[in-house]
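What follows is a set of structures for review.
Each of the next two complexes has chain A plus one other chain: chain B in the first, chain C in the second.
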Partner chain A sequence: MGEIKKIKNLKEFSTSADRFEGANLLCPGCAHSIIVREVLNATNDDLVLSASTGCLEVCTAVYPYTSWDASWIHIGFENGSTAVAGAEAMYKALKRKGRLKQPDREPKFVSFAGDGASYDIGFQWISGCMERGHNIMHVVLDNEVYANTGGQRSSSTPIGGSTTTSPAGRVSYGEKQNKKDMVAIMAAHGIPYSAQVAPNKWKDMVKKIQYGLEVEGPVFINAMSPCTTEWKFDPKDTMMISDLATDSLVFPLYEIIDGHKLNITYRPKTVIPVEEYLAAQGRFKHLFKDEYKHLIKEWQERVDKQWEMLQRREEAGV
Partner chain B sequence: MSMENTGWDGFEIGAMLRSFDGPAKDIALTKQEDRNYSKNNSFTASVADWRIIKPVFNKDYCIDCQFCWVYCPDISIISRDKKMLGVDYDHCKGCGICVEVCPTNPKSLLMFPEQKDTEEAIAEWPEKEKKEK
Partner chain C sequence: MAFEKMKLKEIEVWDGNMAASHAMRQVQIDVVSAYPITPSTPIVENYSKFLADGYIEGEFMMVESEHAAMSGCIGASAAGGRVATATSAQGLALMMETLYQASGMRLPIVLNIVNRALAAPLNVNGDHSDMYLTRDSGWIHFDAYNPQHVYDLNFIAFKVAEDHDVRLPAIVSQDGFMTSHTAQGVRTLDDDTAYNFVGEFKPMNDMLDLDHPVTHGVQTEEDWHFEHKARQHNDLMTKVFPKIEEAFDAFEKLTGRRYNIVETYHMDDAEVAIVCMGTSVETAAEVAKELRENEGIKAGVIGIRVLRPWPYKQLQEVVKNLKAVATLDRSSPNGAPGMLFNEISGVVINLDKRPVINNYIYGLGGRDLTKVHVAEVFRDLKANADAGKLTTPTQQFIGVRGPKLSYL
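Showing the complex of A and B:
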């Protein structure tokens, strides 16, 4: 224990023994479980986990079943991160008093939450955990919508996305507010590590998770999770959509160390137009009508601007 | 306590479900076949009835790249010692991601109707596709 698991290539990774089980009730083709598997398989250490209310939580803990092979706390919508932070504080206290039953084992503390539970409802709780400096990792499964309750908009929903509370139609083109830049907000707490990951880039993900678990202090991970039900695409296309998202730079992969030093970890060989990413999903199909076509151009400009900002920040190294 | 005869309100608040029977240590180093799963573990359940199409594995073309293993959302690709062995039909929901990410030509995983016999499916396997120049 305490050693970083060696994962040089995918064949070596495939010898991992999964600690997340099948026959959970997530939709076929859901990226949540792909992300959870990649996170859990990145380490052999003992784990203390939690999930805030959301698809992942309600689908993996359907009484009388559990899909988790590690200690897992079932708790409210807002406080998954604080529950894990509490467990971490207890662990530290018992360690200080010499009362740990297995002092040779060092567990890792990870909380999972959806974008609703992180960007909106659990926002101040996560902020508190980051500010207090607990040694935990918070992983956001960012599917840009409250998928569990039927697809309401969250503050992660991007402009133009049609959801049940921001429907597109004759009057509106869907969501009007821009997506919150959560990675930057969390980095602004001065935490040692915050990063954005995607399930299709498993190696990048494993590297970031391993770094995050090793580093002392709170870690924030934003994982893009394509939602077959609410983004409206065929379940088999989950990885194709992920590729489109990372290669069109809608979801750039980068990390911020110690709250300021930004590194871009993936540069697509050929950057594809954002239009292709939008066209692959049913939630954006109204943008291709004549009256809303200008929004696609605005999308591209926004993504280009963000990419330029990231590159400049990386160059400046501050 | 028998769970079958107890309603949702018959359980005490703050219940704990055990994933394994007896002591469980180093689960991260224990393969599924060596684990002592409890009846509360969803591993013992099945979602096979969700499927209308199923992935069929043809090992003749497989190069053991493990793309299907890493991108399977339902832990239904059985890989041991860096070799792909087959599909776990108790937990597969038939999403078809494994077929999409398979890089071989022809693919070593293809979707067939749920009722189709595996040997029949393999006999119908398509030939290698020629690249258009």
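Showing the complex of A and C:
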């Protein structure tokens, strides 16, 4: 087990060893790069990484360039989790056989994937990895949309979100289905750790990533990743949008240990109305028309109910 | 607990699946990532049992699908070690996306394909429709005609695939049930000899070399994609055959068993020949011998041992003096001439003298190819050779119920 990195403040955090270059093609203001940096900066351990097809992958490994200064693999859209699982299996085999080139080092295996690659097409692969107990961490860059291909819906897209395949229109308010609860589904695999994180709450993120990297067994992290292009907000506002998401409790931060013990890890001092979160993004603009205003009320009710449920689970320790 | 070697008899009675399993055990694979499907399931089961009994030191990922099986193989291979899996039919079809990814990423994975028909209708028996899917996937492809070949070609496949001048994945195919479930005498190598023939895995661009981080599976668009694909094709066309020859020679020296890129039976003075793959090669060779004795037909058989790279030049040498050739495809081409017909036609098209070529579709879904069928094909060939032109339709179905099906 490596020594856990101590990070005192944001300055120290942001200037720590860089294994993910700023030289990449992600949009200015893209939260994917912030999250990846936060994950990588949380540890000094050697890393073996994967990315599934999506914005992160197509923007960071365009031949003959790479933004990655750590071992990295991309295979396809659905199988990044299994790619690092395979690498982790190889690590175990070579360790047992005494063939590791740096036998005294213990790399960590982390897979990054979008919500499309995790909630939808890669669901089975991730479930398989979790069930088999690989010592890997799967991090979802959850921007609630297929951003790389131009903004189609995923099963993470929330109700009312306008996407290119669930567009708001004369007779539609956009996405009809509620967001899939992936953290609960992954926790139901009985894995040692699953958690939700957000880029604006970096201390919370670092704690969770460090815990997840140290714990033995598969770890699932759902990271909210505001997408300036598809959520339709100004690139300079990524952190503001993140704050609105966490402080309105649309995106609550919590963790589930050993598949059941739930802890809420962030309680906003002042809870902001969901309406403010929605109003800040173009993808929800149509909800403010008179005929859809009831949906905003329903949004608030859903968020309240979810928060109550989380609190009750925390109290009950289940 | 340290893993144990196994003591084998000089000749074991193994079916094709058991032969593949033992070869996989003996080369000390670092990671097997696999999913069961008839008729290749016993490979995965045998391997599991070897593991349970302490004969395997590597890791075994029993994953949730064939796509995941190959995905795990790719991750493991890129990490830097020996990797293999096995599948059939629907599993191979599900795996298809990753086959192109494995070869494009230049990862030397070995895949045992136990042939089986592709649904629908669902069918578990052997035909070649599944493996025909892999033709353009960038994998080296060896075809076995019996369990001994399965065993031997697995060693060859690892040796060639892992060569640093090659670095391409390799398939070893065998016929579902006809080979995979039919036990025959197989001459074995002892564990050390088998392992030493293939040698220790030599990693290259391995992700687990933590001091030299590497990026695998990049994006290339119109600026670089073509160069990558061209280079892969170039290596298949120019680098693989010399390495296969080398491996075949070395294997012959070790065991006395000779393999050839194109296998020939009774071909020295042949006027007519059948080109086919899998168990049909042995059936056809027997019929050729009989017809030579009984009917005076100068019959021969050409077995495709290496399907990819396609042995264009080698085949030219073999077919150039023939008068008539029958290509036997065990896969429905669904609206076209069969694959072997098209590819053999390509082989002869620029020769000064060309044999007459026709095509037979046979054995779909495990339907037997009988000696009577093969004899009829040879008689067609004799008629074509004597006439110097086609006396039959270009394409015929053999062994199918109802009125005779023929086209073109």
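List of remarks:
Note that in this section the second predicted complex is superposed on the first by the 313 of 318 C-alpha atoms of A that agree within 3 Å, B and C clash if a C-alpha of one lies under 4 Å from a C-alpha of the other, contacts with A are read in each partner's own complex, and residues count from 1 in each chain.
Just so it is clear, contacts are C-beta pairs under 8 Å (C-beta built on N, C-alpha and C of every residue); 3 or more make two chains touch, one makes a residue touch a chain.
If you're wondering where the values come from, they're calculated on a predicted model, not measured in any experiment.
When the two complexes are overlaid on their common chain A, residue A:Asp18 makes contact with chain B while staying clear of chain C. In the superposed model, A:Lys108 makes contact with neither chain B nor chain C.
When the two structures are aligned on the shared chain, A:Lys236 is found in touch with chain B, with no touch to chain C. Touch criterion not met for A:Arg283: it reaches neither chain B nor chain C.
By the document's definition of touching, both partners, chain B and chain C, reach A:Tyr63.
Touch criterion met: A:Tyr91 reaches chain C, while chain B stays clear of it. In the superposition on chain A, contact is made by A:Gly128 with chain C only, not with chain B.
When the two complexes are laid over each other on chain A, chain A has residues 46, 61-64, 66, 68-70 in contact with both chain B and chain C.
If you check the complex, the residues on chain A that touch chain C are 46, 48, 50, 57-58, 61-64, 66, 68-76, 78-79, 82-87, 89-94, 96-97, 99-102, 105, 107, 124-125, 127-128, 131-132. Interface residues of chain B, counted against chain A in their complex, comprise 3, 8, 17, 19-20, 24, 26-32, 35, 39-47, 50, 64-67, 69-76, 79-82, 88, 90-97, 99-101. Remark: chain C residues 30-31, 33, 57-59, 61-65, 67-68, 71-81, 83, 97-98, 101, 105, 206-211, 213-221, 224, 228 touch chain A in the complex.
The residues of chain A lying in touch with chain B in their complex are 10-26, 28-34, 37-38, 43-46, 60-70, 199-200, 202, 228, 235-240.
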